[in-house]
Amino acid sequence: MTVRMKIMLVWLSLLMICGSAIAEPFVQGGAIGSQTDDGFNALGPVVEQPIEFPHNTHAGQMGINCMYCHTYARRSAVSGIPRLDKCMGCHKLIESVKDKPRIKKLFEYWEKKQAIPWKKVHDLPDFVRFNHERHIQRFYFREDRPVREVCGYCHGDVASMTTARRVKALSMGWCVSCHQKDHLENVSTTKTSNGPNDCWQCHK
Amino acid sequence: MSSSIIDRRGFLRVLGISGTAATLAGCGNTSIESGVELVESYVQPEDFVVPGVGVYYASTCAQCGSGCGIMGRVREGRILKLEGNPQSVISGGKICGLGQAGVQVHYNPDRLTTPMMRDGDGLKPVSWEKAGAALSARLGASSPISGEQIAFLTGEISGHQRVLLDLFMDSFKSTNHVVYEALSPAIGQAANKAVLGVEQPVLQIDKARLILSFGNDFLGTGPSPVHMAAQYARFRKAPRGTLIQIEPRMTLTGANADRWYAIKPGTEGIFALGLANSLVQHQAYAHALPADIASVLKLYDKETVSELTGVHADTLSHIAGMLWENSPSLVLAGPSAEGHANGFQNVAAIQLLNLILENNGKTLQGQPAHPFPQLEPARSSTAALAKLDALMASGQCQTLLVMGCNPVFTAPAFVHFAKHMEKVPFKVAFATQLDETANQCDLVLPLLSPLEAFGTHVAGYQPKGVEVMIQQPLMERLYPETRAFGDILLDLLKQRNPTAYKAFPDYYAYLKTAVTKAKPVFKSSASDDDFWEDALRNGVLHLELPPTGLQAHTEALKLGKPQVSESDTQYPFYFVPSIKADLRDGRHANLPWLQESPDPLTTIVWDSWVEIHPSTAAEMQIREGDILSVQSATGIVRVKAYLFPGIQPDTVSMPLGQGHSQYGRYANDVGVNPFKILNPIFDERTGELAMYATRVVIKKTGENAMVVKDEGPTNVQQGRKLVATLAADQAALAKEVSRVTQ
Amino acid sequence: MSLSNLIKNWSTLRVKRPYEDQYKDKDYKWAMVIDLDTCTGCNACTTACYAENNLPVVGKEFFGKGQAMHWIRIERYWGENEEMEGKFPDRGAQFLPMLCQQCEAAPCEVVCPVGATHHTPDGLNSQVYNRCVGSRYCSANCPYKVRYFNWWQYPERAWPNPLEQQLNPDVTVRSKGVMEKCTFCVQRLTEAKNRARTEGRRVADGEVTTACAQACPTSAITFGNLADDKSEVARIWARQKVDLAKDKQDKEEDLRGYRIFEDLRTYPSIVYMERVRNFEA
Amino acid sequence: MSHTVDLHTPEDKDIHIERKFVPKPLDIDREVSWAKINKDVLRSLERPRPMFWVIFVAALALFSFGVYCEIYQYQNGMGAADLNNPQVWGLYIATFIFWIGMGHSGTLLSALLHIIHADWRKPIYRYSEAMTTFSLLTAALFVLIHLGRIWEFYYVVAYPNERWVWPNFSSPLVWDATAIGTYLTSSLLFLYTGMVPDLAICRDNARGVRKKLYTFLSMGWQGTDRQWANFRVTYMTLACLLMPLAVSVHSIVSTDFAVSQNPGWHITSFPPYFVLGALYSGCAVIITLFIVLRYVFRFEEYMTMPILNKLIKMTFAIAMVWNYLNLIEYATVWYGDNEVAKAQFIYKITGTYAPVFWGMVLCSTVLPFALLIKFVRTHMPTLLVVSLLLNLGMWLERVQIITPTFAHSQYPWTWTANWFPSWVQWGIVAGSFGWFTMLFMLYCKIFPAISMYEVKEMVHDQSKMLKARGQ
């Protein structure tokens, strides 16, 4: 290694440090709903669920609105797992699939009046307060975006999965990257606004 | 509709899978994990149950007898916090610290989770079958005991629990339902009854222009502190009333007085008569009293009164003048005036002032007759305990049942309650947590906490109209082996009389039937189920009734020459126990929030102490934290000294409620129990224990320990403007914005 | 905060706060009024705070060491000067509920090395637990000494099973080594604000309150939105002629409102109302 | 002269200015040969005597106990130190300031005196410079130790991160972290740069592992003219850079207190007061180490009495300025209209911690006058004790800045009556002394404690100067 190379190396590393310091805050995430690479993709582990729920059948093939089942998303901080009687409401009447093992399992839980122990796929640290309601109200109801886009921005294209799997980092930088973007106030205007930039909005 | 209630109970039962998993991770966990925790998941919840959103249910606070309506915040199946229920006239949407701590009764780590039965020396957990069998063998259909052989000892109890209990005792042809509260206001009640015609007049604190209180701690430990605090708040708004407090040791109410006077314990009646004597000099009041009383009153001239009470003679004239000028006024008697051999006399003399000042009907009113007298709380007394004690000592009592009271802890040492209890062959305690008394029993049955059980309460003090308070479960039971007191009683009653109660599968059914039966009284035309649902939703059944008048009975006062008990050279100090608003008689000492909540006046936590005036302390060279022995004729305790300016110099004071030995991790070995050194002095008229009449001698032991308190080395403001004070005549209160007066 | 954000908001960040009418066009400025004349010192607020905000009970030993965690404490004074006057406290005690004053120019905010405590747009003095490194500089600098540090790993001690089920899931359970303090029950405020925003309105007066104000049996504590002229708090502030942005109030003698240590220019958000005593009694 | 015209007054005639040359004792003997210097200094790097190991193990034990205390505190929480509200800092910050203050004199000696060509610094600056570096390292430890969440310390550092959050640049603690970081880095650099020619000497005289080490560290130093020229420029530049840093670091540390409104801290004169205090304690330590090294390594020929005398004079001067600033501080409080600060001051001198204050007065204000006595200046054991006491005084000074202010703050309710640090704090403070001793002892055995090339310069200059005077 020549001296020149050594010097080059030092300069290069310096440049990298400084460059990332300056450039990092300007990194732009993907536009909402694009579900494309926004630089924060992080595939989570496969989570074994008590019943291998086929999202692809329900949301994909049938095209059921996410919020038909995850009904709390628009009125609570958590989107919630559908209550068991909601599953039964349909499946009691769908004779064709009654014999499938997954449905049989569902009926077993129902008969025992036991809640299904679903596991959390999208978990946030305990000091974070994420509010589904506000996001759904803003982007689904006010901006009138398609539900799969609104939910998909954080959850990925669940309609193509069976059981859900985390696809985004759900990290602070990722949240902030979107909060800093200019979003349309509502469908009719061109006025834009950002997400809250206050620590206490998300940290509790 | 009835099914929806069952469903609601069902909701509590088929709760979410992680309803009980609380997070303790805190800031430690910064990582995002998948597949580690479970999601809230329901089977068939009510529509209004939304995960992540708190739901409020109305219920009733069971922490004291005030019967405040409360709202419990429930989330994901857990009761998180209690708030006041705005529907309840008593609480008016507010709640005290004691009430807040109700959740800690429920979640107490020392809760009793299974029945316990005596096995040799200790109590061993047993199954309900075994416990039930033991109970049936003694108290079932074939039980031979009756009359005096059985006794049911409870604390203040009201509502349908009391009805069932009475029915249960009836089935044994026994009247031995002993209601014992260590801090029973029985002397005052008896005197009120004699002078005013009612045991507990309804106070209109907010209407008074001047309150003269003889040791009445209505803000801290009165019959309904939350309600009275709200009244007090209005009393303090324009036109602002004045509060004068006279007592040997400053209470919380005294600490809020415009003027506080120290008085020798037990001489409150003399002072009141001195005031009466001054008052009747005024022409407006000259004919307020019958001539015979007025003539005896002349003996109470201000010099004599001043000498006996230790209050300056000018003070007496000054207060009399204030009473003249400020009408309507309100004169109150409190525990420190009641708890003496002449306690009845004291209260009667104090109430006489109300009569002279014609406050009855204005600031004092009679409580309307309760439409359901059987639901009203049975009046407690300490004399009843003495009777029971004699019964046990004589060996007559064969079966003792105890619920909601702890006489082994609260009975003074001279009663020897624990020893006499041993003579009872079968003792049953119903408890949410083992205490000293339960530990002495042969069978202990675990009860549901008040946040898990249905019930009704009726407060002894009804400030406005009449209320029946509804208690409902706010949460699924924590321990499957615990049962409702009502259910146990109902089971026993069914064994005694199977036909009469077969319509009621459980206590809930009984309660619902009983409450809905009262529908006509509340002038409701709703269906039974709607009425019941409404009752549950509101947490209270309110019936507006006009207050009744009071009848004056001046003859009840037996006037004699002014005299006080001899001073005692062997025991030179008056001993004044103080009641802490949160610990009361000690039943709440197991609640950590209350242990850590500083005593308002001394800011001491987790301890007992003896208060002594700084001037006396200086004479005896006592410093804060010096361990003193406080000795009465019947006992001795060793306790830390605290220098407290709000106390008569020849008086010492100790807080009640500490000194437990078998009441769980938070209460055990904290402080000492001053109940144990009370002398056997009784009120001459009622035979009740005179709690404030004990005399003690204090000695330094030479040891010193830190007093754990919030207060630092200074207790004054050091010239910083922290709490500023404005003279009442300068403050423009009438112009202020206030929601309290509305 | 990213550089772009910093640059974008530079003008607002550079302003000396508080300034006149700072919150005039804002939606919220949370503030409080505590009436010392009706405060009876009963400690209901303290216990309510323990229940709402997951405050640990530290026990006798740690309390004795001065490591108690009461976000709101009731102080009891016997006199205003350096000594108590007279033999007895014959005008009663002076009770003072002391909690974080949510200063507009908070001494704690500037000194936090990591920005764990900062000023929110609603005028709250926030504390972000997971950002806190525990330098305790904020506490050292707080003139009111209302910041409480987690000296021990309280979660392991304070909530033996099943007491932990009482914990409020909306509030973080703080682990050792972080500073905490009164938040004006921000979890309630956030919930109310979210609800109001969804419904396209501002939080109404009385819609949300802090745990202490809610419990207070004498309603001595009033909480509300100072940015809303019609709110009770704003009306009391206005009536008492207390101006948020002034360090010295020019007001009449008969007004009771004052802020503690105004001369330190912390601009607190809590107005205390002087205790009144009838000195003729 | 009688024949000359008397133009002057008679008195004038008697004026006879006799320019008498009083030979001062030389800073260093000019007869010392260069080879002897090499030999003497390199001898100090030889295998240590048993006593070295005894002291080293003692220091290690002390340090280990400190580590144990820190682990105990880490596992249990800061409560283990018996800190509380409002005594939030305890001895940690006091000791932090103490160590960081000690670090200042090394720079003063090496950089400032280098710039102004005060040659007498040459035999003693190297170890002072090392002392500076190690005390800074120790001080930095305290910054970490006092953190409640030591494992999150990197939040204080400004670096780009995923969260897009920065430290709070308006916080004096961030200034602290930055200043200490910068100062530590430049001190290390300065120490190392100054050592390069000596390391080359070591390299030439060493074998085995040491040879490899010195070879690596001396960076191919051959002593060519070009190397010397570059070296001198670099060294001077670094010295110039370091000077403002040394002043700024302790000024910044003082802002930790001065920017707050706490009574006893909110004082404008704090920055110079702190800087002077720092120099003061640093000089005292340099005297201590001077005596120790002189005795242990028999450096009498290089660490001569005249040099010590100059050092003491400087110390005395600094002590006086420090005293003056101290008095100014008290006078400002006393004559100011801040009643709270005045009450705090009265508490400081009469309250629970009055012994600390008066201990400081005794050790740091009164004791320096003992330096005026010749016996004290020349009798090594006495001087050693005095210098140690001066340091104790400076430590007490830091304690009395922090603890009484917390104990008697603005807010009367939270005053403390008799707060006392727990064994954990004492253990960690003691451990820091063990850590410092260990580092310094290792340094003395690995690197030359006296700058050989500069002593040679000094001898050379000395003889040149004397030659010029014709002696």
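Letters A, B, C and D name the chains as they come in the text, with residue numbers starting at 1 for each one.
Convention: contacts are C-beta pairs under 8 Å (C-beta built on N, C-alpha and C of every residue); 3 or more make two chains touch, one makes a residue touch a chain.
Computed from a predicted model, the values in this text were never measured in an experiment.
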item: Labels of chains that are neighbours to chain A and to chain C; value: B, D
item: Chain pair bearing the highest count of C-beta contacts; value: B-C
item: Innermost chain, where centres are averages of C-alpha coordinates; value: C
item: Relative to chain C, chain with the most remote C-alpha centre; value: D
item: Interchain centroid distance [CA atoms averaged], chain A/chain B, Å; value: 53
item: Centre distance in Å when chain C and chain D are each reduced to the mean of their C-alpha atoms; value: 44
item: Inter-centroid spacing, chain D versus chain A (mean Cα positions, whole Å); value: 57
item: Chain centre separation (chain B, chain D; CA means) in Å; value: 67
item: Touching two or more other chains - residue numbers and ranges from chain A; value: 24-25, 125-127, 171, 176
item: In chain C, residues with contacts to at least two other chains; value: 1-2, 68, 73, 75, 77, 96, 118, 129-132, 172-173, 178, 261
item: Junction residues of chain B - those touching two or more other chains; value: 23, 25-27, 30, 711, 716-720, 722
item: Arrangement of touching chains [line / ring / star / complete / other]; value: complete
item: Complex contacts: residues of chain A adjacent to chain C; value: 22, 24-26, 125-127, 129, 131, 133-134, 137, 176, 180, 197-201, 203-204
item: Chain B residues touching chain C - in the complex, by the definition given at the top; value: 20, 22-28, 30, 75-76, 78-84, 93-101, 103-104, 107-109, 219-220, 225-226, 229-230, 232-233, 236-237, 240, 242-245, 250, 252-262, 322, 478, 581-582, 592-598, 600-601, 603, 605-607, 615, 645-646, 665, 670, 706, 708, 710-711, 715-733, 735-737, 739-740
item: Complex contacts: residues of chain A adjacent to chain D; value: 20-21, 24-25, 171-173, 176-177
item: Sites on chain C touched by chain B in the complex; value: 36-38, 40-44, 46-48, 50-52, 57-60, 63-64, 68, 70, 73-84, 87-96, 129-130, 132, 155-156, 158-169, 172-175, 178, 211, 214-220, 222, 232, 235-236, 239-240, 252-256, 258, 260-261, 272, 274-281
item: Chain A partner contacts - residues on chain D that touch it in the complex; value: 159-165
